[in-house]
Amino acid sequence: MSEQERPSGEESAAQAEQPAPRPHRGPPIETADETLSERGEATAKRLAAALGADAVAAGGRGETPWARVEPSALERTLRRCRDDDALRFDMLHCLLAVDYVERIELDYVLASVAHNRKAIIKVDLPPDAPSAPTATHLWQAAAWYEREAHDLFGVVFDGNDDLAPLLLFEGFEGRPGLKSFPLHEYEEY
Amino acid sequence: MIDVRDVLYVAVGLFALFNGLMVVTLSLVWLERKFLGRLQGRVGPTRVGPFGLLQAVADAVKLLMKEDVSPGPAARVIFYAAPLLVFVPGFVVWLTIPFARDLAVRNLELGIFFFIAFSVLSIVGLVLAGWSSASKYAALGGFRSAAQLVSYEIPIIMTLLAVVVVAGTMNIAEVVEAQASAPYAALLPLAAAVFLLAGIAEVGRTPFDIYFAESEVVGGPFVEYSGAHWAVFFLAEYVNTFVIAALMALLFLGGWRWPFGADLPPAAGVALVLAKTYAVVLVIFWLRATYPRLRIDQLMSLGWKALIPLSFAAVLIAAAQQFYGWPVWSLTVLSVAILAVPAVLQVRLQRQPAMERARRYARRAIAERARGTGEAVR
Amino acid sequence: MEGTAAPMSAEPQTGVVDMMLNMGPQHPATHGVFRMVLSIDGERVVGVRPHIGYLHRGSEKLSEHESYGQVITLFDRLDYVSNLNNELVFARAAEELMGVEAPERAQYIRTILCELNRVASHLLFIGTYALDVGAMTPVMYTFRERERVQNLFEHVTGARMMHNYFRIGGVKEDVPGDFAERVRSVVRHLREGVEETDRLLTFNEVYLARTRGVGVISAADAVSCGLTGPCLRGSGVAYDVRKAYPYEVYDRLEFDVPVGEFGDCWDRYWVRLQECYESLRMTEQALEQMPDGLVMAPGRRIARPPKGEAYAHAENPRGDIGVFLVSDGTDKPYRVKVRPPSFCNLVGLERMMDGAYVADAVAILGSLDIVLGEVDR
């Protein structure tokens, strides 16, 4: 443990006991020599290499590239993203649904604490019966995100047997996240 | 043969005592708020009366005027009897606590025994309050209070026993008279320290305010009480605090006898006792401002692993000194010798770098958790 | 053990039945309207089921019906003790979508205010957390210090809490003339105030006993549960958005990322405490470097980003707050999704409760420092 000095004016006896901030103990931070958008481009390349033909479309801006996959390929894509050495997306940063009326899009925002990279995996679901495989076995964080998406958008996650209402109360009718749900014109009780 | 004057004396004494205790309680409430305020960089109450002196009165009036609510499924009779079961013992022990040589309602020969017998009773009230409220928080608090008070009753009794052995009497006034040359805090520092700690735990003040922990069980046994009934609990807490402080002042700090000797006028003696009592009370308040609350298992292990053995040691020292007729200073020497062991350990711990100390705590707690200790709480 | 869930059997039920303890939504230690149902066996917690949503106001849905500028006011009300950090992340998402960048001076102002906001938020945490474990004094000290920050914010933004000061492309208006002077004075006082609390609480024996080794979560679990901010760093992972994906002017400031060792409650507290010192350090540096100039990017006053989507995130006092913004080319966002750090941190609650006592449950929940406005949105 290095003896860094915490910056402070006076040094009293009690303060001298104050420990220095512990040094960085995590994975290397890849920020030294590249800008964020360069890092994003590199991530996009790694993502394309890892997904191969599963990626039906790709794009992105800044440090966050994205790739679109078919629902059937979602499970193996996510697993690959998590386990691939070049990607190592060990954190499900965010999972969200967007209602485009003709389709419901799920976005898995993945983050790699190990490599400091981010990417978004997109998947389109049919709006009438949106359903996707669960990701709870890959990331524990998925549990609540999936409940939330089920609450607000009605997305069913196969394999997640705990889709009880999270943000809404039990017995709430309708999917308030959908564009078809009115903002004001409904009876709350 | 009952003497009418005697009965009259007791009646007047009780009346005076009751009203005196009310005033004391109100003063303690004010003192606590003001003192804590000063410790915490605030000013405390200032608006009601001069220096906020009437704040406590205003609080009491507010409480009495509040609606008295009881939960539907509560066992009504016990629910309303429980506050009395807590308050009455705290009040009754004052019968025998003297403020000066002859200033007590009854100077009982078995005064200390009387105190022990009645102070144990308040456990019953707390458990019944917790149980009859038909609330899980109250029940949890009631169980906690039972565990805590039963455990801490033992060190209190044992340390009082040490005092009794040395003084050779259970009459509190005579115990005070016996401290003419030196207070028992000097002769029996071990017993005094254990008594103060166990006493604070007994009345449930921080860091031992576990059974009514506001942030855990939301007031514990008192959670469902309101208005006047809650006020009675509140009153009991302060009266009990004052009892512990007064016993500390009388039994260990020399009461009216030390340091000014016997020729002190009675009024000055009372003032001396009260000053010592309030000083102890301030220490109790000071602890409250400094420390967080212990956890129930830590409280239990402190009680059973530290305070009870130490209190037994205190009795043994006192008994050995009396039995073998050792000189009086040997009491102090032996007590200090025993106290030195934890003190040295503590000093060694404190001399470590703070971060290293914090690490030790973590390693020990994680190891304990891995072993699954703490099951005794079940 | 599982008396409540035991199937009907011929044998009479004589076993021990766990007690269900409903903690919240009205409980002094649940910091708002969080509710958890604890299964307890004596004083041991054997199961926990968190329930949220009591404060769900549909902020994301509401945002779809407000213009970009108005959404900022909704973000103020998400995490109501670190408003400016919330405003910042939305402003940054919209800026990314529109391809504008705030002028340098505005970036410095935003950084300084966000760091002071972080200190204020951490001070609130330290005070209330001490209250959770039963110490009543630190909360007085920290609120006193927090008040200095609030007064400064009132001076700069006109409001103590719901500031609505950051704009897409800058800040509402330039800071008052005595800004630098007042910030310096606030920083000096804050440093003393934080140290005062530090000395009282950090290595307090009882405090160590109550928080060390309690609510331990391993680094791997913490990452998998999506913990961020001090909760993740307490487990020893030095992930900080300000370092990992520098935004605003953080790449020009020198600061350390304090990390914990065991991932227990005390480490999470300690990380926040050290972050207070780091934030004050950053504030001073930023104040030194702050240039003159515009505080608002020139351009149209009404934001109408082109079609597209953007994901921006920033280091909030509670963790990594993210905003996913979809634009359909109108002046109102098509979809706004907030990644609320408190919400994600709560996912780790069940892991941390392993083997805890009832009293620990309070300490663990407190150490996560949740703000329900943001959990429920």
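A, B and C label the chains in the order they appear, each numbered from 1.
Following the convention adopted for this analysis, a residue touches a chain if its C-beta (ideal position, glycine included) is under 8 Å from a C-beta of that chain, and two chains touch if they have at least 3 such contacts.
For clarity, every value in this text was computed on a predicted model and none was experimentally measured.
**Student:** Relative to the centroid of every protein C-alpha atom displayed, which chain's own C-alpha centroid is closest?
**Tutor:** C
**Student:** Going by the average position of its CA atoms, which chain sits the greatest distance from subunit A?
**Tutor:** Looking at centroid distances, B is the chain farthest away.
**Student:** Where the centres are mean C-alpha positions, what is the separation of subunit A from subunit B, in Å?
**Tutor:** Between these chains, centre-to-centre, one finds 55 Å.
**Student:** Between subunit A and subunit C, what distance separates the C-alpha centroids? Give it in angstrom.
**Tutor:** One centre to the other, that is 18 Å.
**Student:** Rounded to the nearest whole Å, what is the centre-to-centre distance of subunit B and subunit C, using the mean of the C-alpha atoms as each centre?
**Tutor:** It comes to 41 Å between the two C-alpha centres.
**Student:** Two or more other chains touching the same residue: where does that happen in subunit B?
**Tutor:** 354 - these are the residues of subunit B that touch more than one other chain.
**Student:** What are the residues of subunit C that contact at least two other chains?
**Tutor:** Touching at least two other chains: 203, 261.
**Student:** By residue number and range, which residues of subunit A touch two or more other chains?
**Tutor:** 17-18
**Student:** In the complex, go through subunit A and note every residue touching subunit C.
**Tutor:** Residues 4, 6-9, 14-15, 17-18, 21-26, 29, 31, 36, 61-64, 90-94, 96, 98-99, 107, 109, 113, 116, 118, 120, 139-141, 143-144, 152, 165-169, 176-177, 181, 183.
**Student:** In their complex, what parts of subunit B are in touch with subunit C?
**Tutor:** Interface residues on the subunit B side: 36, 39-42, 136-137, 140, 144, 206-207, 209-210, 213-218, 288-298, 354, 357-359, 361-366, 368-369, 372, 374, 377-378.
**Student:** Where on subunit C does subunit A make contact in their complex?
**Tutor:** 52-53, 56, 58, 60-62, 65, 96, 191, 195, 198-199, 203, 221, 223-226, 232, 236-239, 243-246, 251, 256-261, 274, 277-278, 281, 308, 310-311, 313, 320, 322, 324, 326, 334-335, 337, 339, 343-344, 346-348, 351, 376-377
**Student:** Looking at the complex, which residues from subunit C come into contact with subunit B?
**Tutor:** Against subunit B, the touching part of subunit C is residues 19-22, 27-29, 41-44, 130-137, 140-141, 144, 200-210, 212-214, 216, 261-262, 264, 266-267, 270, 355, 357-360, 362.
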